[in-house]
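Some notes on the structure that comes next.
A, B, C and D label the chains in the order they appear, each numbered from 1.
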Amino acid sequence: MTNEELKSYLAGRFSDAEIVLGNQYVEMTVKDDMLHETAVLLKEIEEASFDYLFCLTGVDYTENMAIIYHLESTRYRHVMVLKVRTKDRVNPVIDTLSDVWITAKYHEREVYDLLGVQFNNHTDLRRLFLEDGWGFPLRKDYVDEIRIVER
Amino acid sequence: MKSFIEYIISIFKGLWTLLIGMKVTGKYFFTPWKNVTQQYPENRNKLVMFERFRGEVIMTHNAGNEHKCTGCGICEINCPNGSIEIISKSALTQEGKKKRIIDQHIYHLGMCTFCNLCVKACPTGAIVMGQNFEHAVWDRTQLIRVLNKPGSKISEGVKE
Amino acid sequence: MSEIREVIINTDRLRTDEYLVNMGPQHPSTHGVLRMLVRLEGEKVLNIQPHVGYIHSGIEKMCEALTYPQIIHLTDRMDYLSAHMNNEAVALCVENALQVEVPDRVKYIRTIMDELSRLASHQLWWCVLGMDMGALTTFFYGLRDREMILDIFEETCGARLTVNYNTPGGLMFDIHPNFQKRVKDFIKYFRTKLPEYDQLLSGNVIFRERTGGIGHLSLSDAIDYGVTGPSGRASGFSCDVRKHQPYSAYPLVKFNEIIDLRCDTLARYEVRIKEMYESLSILEQLIDNIPEGEYAVKMRGVLKLPEGEFYQRVETARGEFGVFIISDGKKNPYRLKFRSPGFSNLFALNSMVKGHKIADLVAIMSTLDLVIPDIDR
Amino acid sequence: MAFNFYDFTNFTHNIHVGLNESFSPFAATTIEWLIVGTSYLLFVALFGLLLVYAERKVCAAFQQRLGPMRVGPWGLLQTIADFIKLLMKELIMPRKADKFLYNIAPFIVIIASFLAISVIPFAPGLQSLDFDIGVFYLTAVSSVGVIGILLAGWSSNNKYSLIGAMRSGAQILSYELSVSLSLLTMVVFAGSMQFSTIVEGQRDAWFIFSGHIPAIIAFIVFVVAGTAETNRGPFDLAEAESELTAGFHTEYSGIKFAFFFLAEYINLFIISGVATTVFLGGWMPLHFGNFESFNHVMDFIPPVVWFFMKVFGVIFIIMWFKWTFPRLRVDQILTLEWKYLLPINLANILLMALVVLTKFHF
């Protein structure tokens, strides 16, 4: 499907999601409690079959956290972006998608490590790169006077 | 019986592939004049680096101990690692006007990643990349270098 | 120790005849500082847990304070064997965001450089694989051939590994006058050396016995784990970004996407060997046809990306590399994410090694072709 | 005292007689022991150093490198420098290692090698032990070394060492069989287990030529199994450095490590020496049937030189293996032994017996 077709298809299928056509890909924003359900559908539905999660990004938008999933269908080769925002910023919690795409398990560990987003039902939520008690360096209010030298 | 024949054939096939592998290494063993390694410190005199090789940042000085650096600080802004520091001073021009000129162009070799961004950004072409790559020193302080030579001044005709 | 205890307590308990071995951080076959907690029963691997982060450098955090040309020079240091492709990813992303069309000459040179570094990377992979398998001589043959490519890089880009050759809008320098001749010499030379690789390792009965049928990664697992690059294609996962979302001069060249359906270590090996032939053919198609023109578009001194999100995928030697820039209109990105191929590939390892021997673990890890800074970032 | 490069029998006999004339028989025997022991020690140390140097240069040539070039002309003193370095290094012992076993292991390995080296005839009259069961003795003592390796792996308190030692145990115990059986094939042919008789039997033609097909098969099997028994080449599972860092000697440093290192090279020499003695005519010169003039020229080369030329030939082939092939996996190494080498060997003995019975040999 082309981006326009995909957009109209998704709009018909997920009525309460917010769907826009971004710079490159169709971007769909869902509520955080709808995330898991939507992800399962996106993977399972025949016409969509987004079976390949190639990028999972966590972003700190000062008022809340966003998780951005880049999905591709290996069958139809269409790409979409799934976005979700957490309710809280200081203690962000969101459902895990590691049972939908296994690779999300490790990307979510990375997001947890660097941004401190808690993932519900994640089987192995430990820090990936940093030590326990380090802080969350990708948060915008992270300060580290010893290691970060401002210019 | 069939499997027995296959067994025998597999032995000979396996041996054959091993012999082919030995042929390759054997070929190189018996042609030792084709060796590819170089003996580095011994071949130092003959060693020519490519002219674009990025070994260190240097400032070119002409015979009259003049350089082209105006001390504008663009290289300092462009450096991703903060390895360049420009210390400028004010001096009087011939017309008696006050003007900022370079005092010290400090270059921290230990922080430099040789990315070429400063050289590319330099508007007057004052700094270039040098080919020297033997940077080992005894003390970390020796890695901090002042690029403009003592007593040097900006050459005439460099556009500010 | 705490982690060992954790494994014993949290996951299923160690049985009497099982034991844990730490492979790494300093281990000859992990190619860097990767640590794997391996659960063994005799020689049999039951389970592995990769532990990464020993050389986490916080590149994504650093990028938030750097301008776009400066970010490019940092990407050299992630997957240092695919430095050109990493550079290109950021450069393309910035160009797309600014809607700059680069001249054809730049596209051609970028593609040539990509393929050269893919060849160099695969050569290093080949010799390191041989060394992991115990055939130490392959190491020197691979490095010998790689040296020619590094010389080409050094002459044109000024560095051998951390090249920093791409800039937003073009290239750092024009190609060196000797470039085309050297590349042609290399193609001619390497065409005679590739059959030797086959004779020395691919055909060897010991090698085939050790790799065939080992480390099975099914197609659905490959997609699920996001295993891309040659490792994914050896599982039948058609994931070549050069084919599916072509960039630079890739739409103009003819090449095959090598796909193997055997899913094992031997398949991953052969896919890479065949990719070297494909890379050579791409180089042959491009090297004589580099169009004349500018080597860079004149860009503004301070690059500011428009507000928005930009994603760029490229195919590096290890798989799909992605750059995701979220810009808020300033000269440095609000958030920058690198999707590195090694990260996804590494975590598929556990599903591949179960039930195999220690020696197989080393071989499988080698054919995944991991570069640790790429994983740790 | 006549000194003759072609036959040391008179030389050694004269020493023996001279010592017995000047001292009591007991003292004379003791002095003889000391002389023989010292000369073996010296030989082993120097030959070990030479082999390490040769291995480096040979491997460098296979890999299109130069090898050691810095210490001395053409790097000749490199191994001596390394040896001095190893002597001066600190001996480190893991905290929970089994002290006694840990310390004794390198000695067991090296003593086993010394025991085995004593039956090899270097030249006429230059052989310290000439049993009538020489081959039997050799196969017996050469398998003692594995005990040292097992002890080293066990006592180091390191899992890598233990895995390496266990691999080595499984490997050497199986390959012992092939080594013995292939030697046995030649014993059937030679009709003797005494090394001097075996060598003497090859005066006209080396066994590998006179025994034709079964002898060649036995030779190949012997070289393969021998490589495996020395833990070398494609069979270096016990110290597979890409899997087990350094295998059973991971925790050894300094001179104890040097012992393992030296033992490996002595074993290499023993395997090549036995292959030379049993298959390639020992110190016998190369003779071709009736080419009298050719045979005469060959006779002119001293037997010691012949012996070492052949030994270096076999060593070179074993090194060639090592620097070409990838390592086998532990189950494949056992498959190779039990499913390939052993059946081949058994069939080969039958074939050899047939050849001997029908006198279908040269």
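Annotations for the structure displayed:
To be clear about the criterion, a contact is a pair of C-beta atoms (placed from the backbone, for glycine too) under 8 Å apart; a residue touches a chain by one contact, two chains touch by 3 or more.
Just so you know, these numbers come straight off a predicted model, no measurement behind them.
Simply put, of A-C and B-D, more C-beta pairs touch at A-C.
Among the other chains, the CA centroid farthest from that of chain D is the one of A.
Taking each chain's centre as the average of its CA atoms, chain A and chain B sit 41 Å apart. Centroids built from CA atoms put chain C at 24 Å from chain A. Once the centre of each chain is set as its mean CA position, chain A and chain D turn out to be 64 Å apart.
Between chain B and chain D, the centres computed from C-alpha atoms are 51 Å apart.
Touching two or more other chains at once are residues 18, 21, 24-25, 36 of chain B.
The set of chain C residues that touch two or more partner chains comprises 137, 144, 200-201, 204, 206.
Residues of chain A in contact with two or more other chains: 151. Pairs of chains meeting the touch criterion: A-C, B-C, B-D, C-D. Per the touch definition, chain C reaches chain A in the complex via residues 52-53, 56, 58, 60-61, 65, 96-97, 221, 223-226, 228, 237-239, 244, 308-311, 313, 320, 322, 324, 326, 334-335, 337, 339, 343-344, 347, 376.
Interface residues of chain D, counted against chain B in their complex, comprise 58, 61-66, 69, 320-321, 323-325, 340, 344. On chain A, the positions that touch chain C within their shared complex are 22-25, 27, 51-55, 57, 59-60, 68, 70, 74, 77, 81, 101-103, 105-107, 110, 114, 127-130, 137-138, 150-151. Across the complex, chain C is touched by residues 59, 62-65, 159-160, 163, 167, 234, 236-237, 240-245, 323-332 of chain D.
Across the interface of their complex, chain D is touched by residues 19, 21, 27-29, 43, 130-137, 139-141, 144, 200-201, 204, 206-207, 209-210, 357-362 of chain C.
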